[in-house]
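You will see chain A twice below: alongside chain B first, and alongside chain C after that.
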Partner chain A sequence: MTAYILNLLVLISVYAILATTLNFIIGYAGIFSLAHAVFFGIGGYTAALVAMNVSPEFFVAVPAAMAAAAVTSLLLALPALRVRGEYFVAASLGLQVLAVTLFSEWKSFTGGIGGVIGIPAVELFGFPVYKPWQFLVMALICLAIIIAITRTLVHTSFGRSLKAIRDSESAALASGKNITVIKTFSVVLSSALAAVAGALYAFYMSFINVESFMLDTSVMVMAMVIIGGTATIVGPLLGAALLMLMPSALTYLTFLPQTEIGSIQQIVYGLAMVLLMIFRPGGIVSSHPGGGK
Partner chain B sequence: MSAEPVTARETANPAPGSGFTGSTDDQEVLLEINSLSKNFGGLQAISDVSLNLRAGIITTLVGPNGAGKTTLFNMITGHIQPSQGDVRWQGESLIGKAPWRIARKGIARTFQDLRLFTHMTVEENILTMMEPGSWLWQPGGKSRKARRYSKVSQIMDRTGLTAKRHTRALDLAYAERKFLSLARIMATDSRLWLLDEPASGLDPNSYNLFLQLLREEVKEGITVCIIEHNLDIVVNISDRIAFLDQGRLLADGEPETILNDPALAAIYFGER
Partner chain C sequence: MLFLQLLANGLQVGAIYALTAAGFSLIFGSTKIFHFAHGATFAIAAYLFHFALAGLGLHWTFAVAVAALSAVVFGVLLDRLMYAPIQRHEGSFFTVFVASFGIGIVVQNLLGSVFGRGFMSVSTPLSNSIEVMPGLYLSPLNGLAVVVAIVCFVALHFFMTHTFIGKGLRALSENPELVRTFGLSPRRLSTYAFALGSLLVVPGAIFTAAGTGINPAVGHHVMLISLAATIVGGIGSLRGAACAGLLIGVAENLAMWKLGTQWSEAITFAILFFFIIFKPSGFFGRATVS
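Take a look at the complex of A and B:
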């Protein structure tokens, strides 16, 4: 039972990092990306390859993963962020579809459908981290650092600029804000931090394949942010916990047909999203339940 | 509606205009609009408009709906690129420049639909206008930061928004939103303000405060160009009036001359 709970907590921490980094662009910059799983995947694959071929040291593999995700996101952001929000959603969806194909077909990098196996345990200053509780501590520290970074950023003039862009791009432009640079930086930072989650996931599972980085992962992370509460610190954490715990909770409801738990879970997600959008559009943790952020 | 020309004498304000005395023709030209045109497909929104905005006065753009007044603002601020012509700010062409670059040169604007940063507080709305650079930390350290906050407080005092400091723009009453729009522009160091119907829908007290604020700012050296439909406001604050109709500039001159022209009045009231 302890191992099961530890496993759940590690996964919640990893997805909480993803949700927190997606919230940074959705909640504060108003940029809706459907490609967050791509940067999760790039982080995972890069960290795995670096660990297998260069060094499993955390401070080598994770920065490499962040750099790879940052460069890829820059390639998406530079052209896509010049257009209005809804077009960015479409562009990010395109990237997600393209990336899944690449992850499946680029066998030398990703191992294709079979994925990458035998990823070594991550090392911290030469000490391997392989016990679940050690991994949980490492994941929680990463989560805390990422929360601290995003929280600090949104309280600076940079954060105010992000929120200004979210509320009115034309007014932000008229106030002298270079919105392309600000939005690009926010997407690059969010993607680089999402890659940390990918690296942790790869090291924890010691195996990754394309299944973990598909569109449904991007949608699930977006659901975590929206259900938990956009533009809040606690919202994405709560959203990640709820959505990760839900499958386990449903298995305890013995009157439900256990073979249909996956479908029931999708129905519950959908229903929860619809009800929240009607009654509490800011999410569970929103301080402005009438629709505020 | 009458087509009778409206004169300054008919208004309650004994001293119309911004308080500027003298000939506006003698004022320095801050912004030059030369033969500006804009087509939207087959629609000629602006046609060969040439106009000078002169320093230290209030110029009002008047004309019926669809005259091209807001389009002219959009072209000055770079939100729309003109099909032809030039806009020069203190001699430098603004054509092809991004709106944020034009804003940083000292041209600030408001929008008819306000476009406030709705989920930000009143204080944040004003403060963010003083931070065009958006660096993680603004230059100048604690003393500059203290000065910025002091200026924000001063602006909120003047616009009557102090009690709403921590209220989101979304939750303000209509007149308060109008004043927040003005407060945001007051926070910039811009020399030219382009105000798109800033006083529409204001109650008499708010309207008087608006006039007072505008006159004080012009006295401090701000140049203002206003789009306005309300003739009472036009008469009360204009030092100069430019009359647009169907994308063409029909007249540009002193208020007395423009407002006493029966032909312009007929166009304005839709009686031609």
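Take a look at the complex of A and C:
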């Protein structure tokens, strides 16, 4: 039972990192990306590759994963600079679909559909971290650092510029904000931090394949941010916890047909998205009651 | 020969995409509602057609009527019960998209639970392929899909240019405020847009159910392609949606010729990605992009 709870907590921390980093661009920059799982995946694959071929040291594998995601995220920054709204959603969707095809076809990097097997345990200064509770502590520390980074940024002049761009790009431009730099930086930062989640996930599972990095994951992370509440700190954490606990909670409802649990879970969160958008568009933890951006 | 075969398949698939994209484009162009659940309408029409024909054993005309009715009812209900309340208090693009996406997830899983998750296809006398030339197999359905698409587009063009409602819808896409000052109700026009747009998925849904087959994710797939076609063609341009749908259908099938099936979706989205970066207004779109 302890092992089961620890496992759940580690996964919640990993997805909370994803939700927090996605919230950084959705909530504060108004960049509505459906390609977050791409950077989760790039982080995971890079960390796995580095751990297996170079060193399983945390401070080698994780920076490598972050760098790889940061570089590829420029592909997402490009449409973010040129278009907004529905056009950007479509572009990020395109990137997500392309990435899934590449993940399943580029066998030397990702192992194809079969995935990467036998990723070694991560080491912290030479000490392997493999016990679940040790791993949980490490994941929670990563989450805390990432929350601290995004929180600090949001409260600086950078964060205010970001919100200014979200609310009116032309007004921000008129007041002399360098939109290109600010937007590119926020996309790169969000993607690089999402890669941390990917690396943690790869080390924890010791096996990864393309199934974890598909459009479904991007949508689920988006749902976590939205259900929890955009542009808040607590919202994404709450959303991640709720969505990760739901499948396990549903298995306790024994009157439900067990083979349909997956579907029921999806129906519940689909409905939650619809009802929240109708009655409380800011999410459960709403930063501006009565209507979010 | 493989080339001709893939070209023929591409034209059929392209015709289906073109119609679905035209429906999405019509709704999005006139009401500015990003109706991602359009794919769900497609899946519902396809499954109910299949159920009426194979499950209940109805005559095909009734099955078509069931599919058409269900699509229109679903589209209009979404407009009235989901989009109208959202638009009343805020209606930002973001909110509408999330709600629409949510409905898509719900419908896909409901269909999976009710009808099963496997591939289903209904065989009709028209589905059987005949070897026209050595190595080239065509079914009457191939040609019929293209003919129906052309008929629908001609009818739609006539409707948009010669009827009061059609003109109203075009006016709504230009300037909703002006429509209101003229004493027309944007809400009512929106209902017409949803009814008509949803109706346009029906031929595609039927041809897919009777041809390549359907599974619960079919709506999602068709929606992704229609979205790509709408943007590549230019949002709000029916002509653009038709050309782009056809282009994507053919490109997808020709990609199989050189690269293999797994690349077909990637090709579509590579096309989309480059259009968004270099020419976001699409083939026939207006120059302004907000």
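One rule holds in what follows: the second predicted complex is superposed on the first by the 288 of 293 C-alpha atoms of A that agree within 3 Å, B and C clash if a C-alpha of one lies under 4 Å from a C-alpha of the other, contacts with A are read in each partner's own complex, and residues count from 1 in each chain.
In this text, a residue touches a chain if its C-beta (ideal position, glycine included) is under 8 Å from a C-beta of that chain, and two chains touch if they have at least 3 such contacts.
For clarity, every value in this text was computed on a predicted model and none was experimentally measured.
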item: Which of chain B and chain C A:Leu98 touches, first, second, both or neither; value: second
item: Partner touching more residues of chain A, whether chain B or chain C; value: C
item: First, second, both or neither for A:Val219, with chain B first and chain C second; value: second
item: Which superposed partner A:Ile179 touches (first chain B, second chain C, both, neither); value: first
item: Chain B versus chain C as contact partner of A:Ser170, first or second or both or neither; value: first
item: First, second, both or neither for A:Thr156, with chain B first and chain C second; value: first
item: Partner chain in contact with A:Ser263 - chain B first, chain C second, else both or neither; value: second
item: First (chain B), second (chain C), both or neither touched by A:Glu86; value: second
item: Where chain A meets both chain C and chain B, residue numbers; value: 292-293
item: For the chain C and chain A complex, residues of the former touching the latter; value: 28, 34, 82, 85-86, 89-90, 92-99, 101-106, 108-110, 112-113, 224, 227-228, 231, 235, 262-263, 265-266, 268-270, 272-273, 276-277, 280, 289-290
item: Of chain A, residues touching chain C in the complex; value: 32, 78-79, 82-91, 93-95, 97-98, 101-102, 104-105, 219, 222-223, 226, 260, 263-264, 266-267, 269-274, 277-278, 281, 290-293
item: Sites on chain B touched by chain A in the complex; value: 77, 79, 98-100, 103-104, 108-109, 111, 115-120, 124, 127-129, 131-138, 168, 170, 184, 188
item: Residues of chain A that touch chain B when the two form their complex; value: 153, 156-158, 160-161, 163-164, 166-168, 170-179, 181-182, 231, 288, 292-293
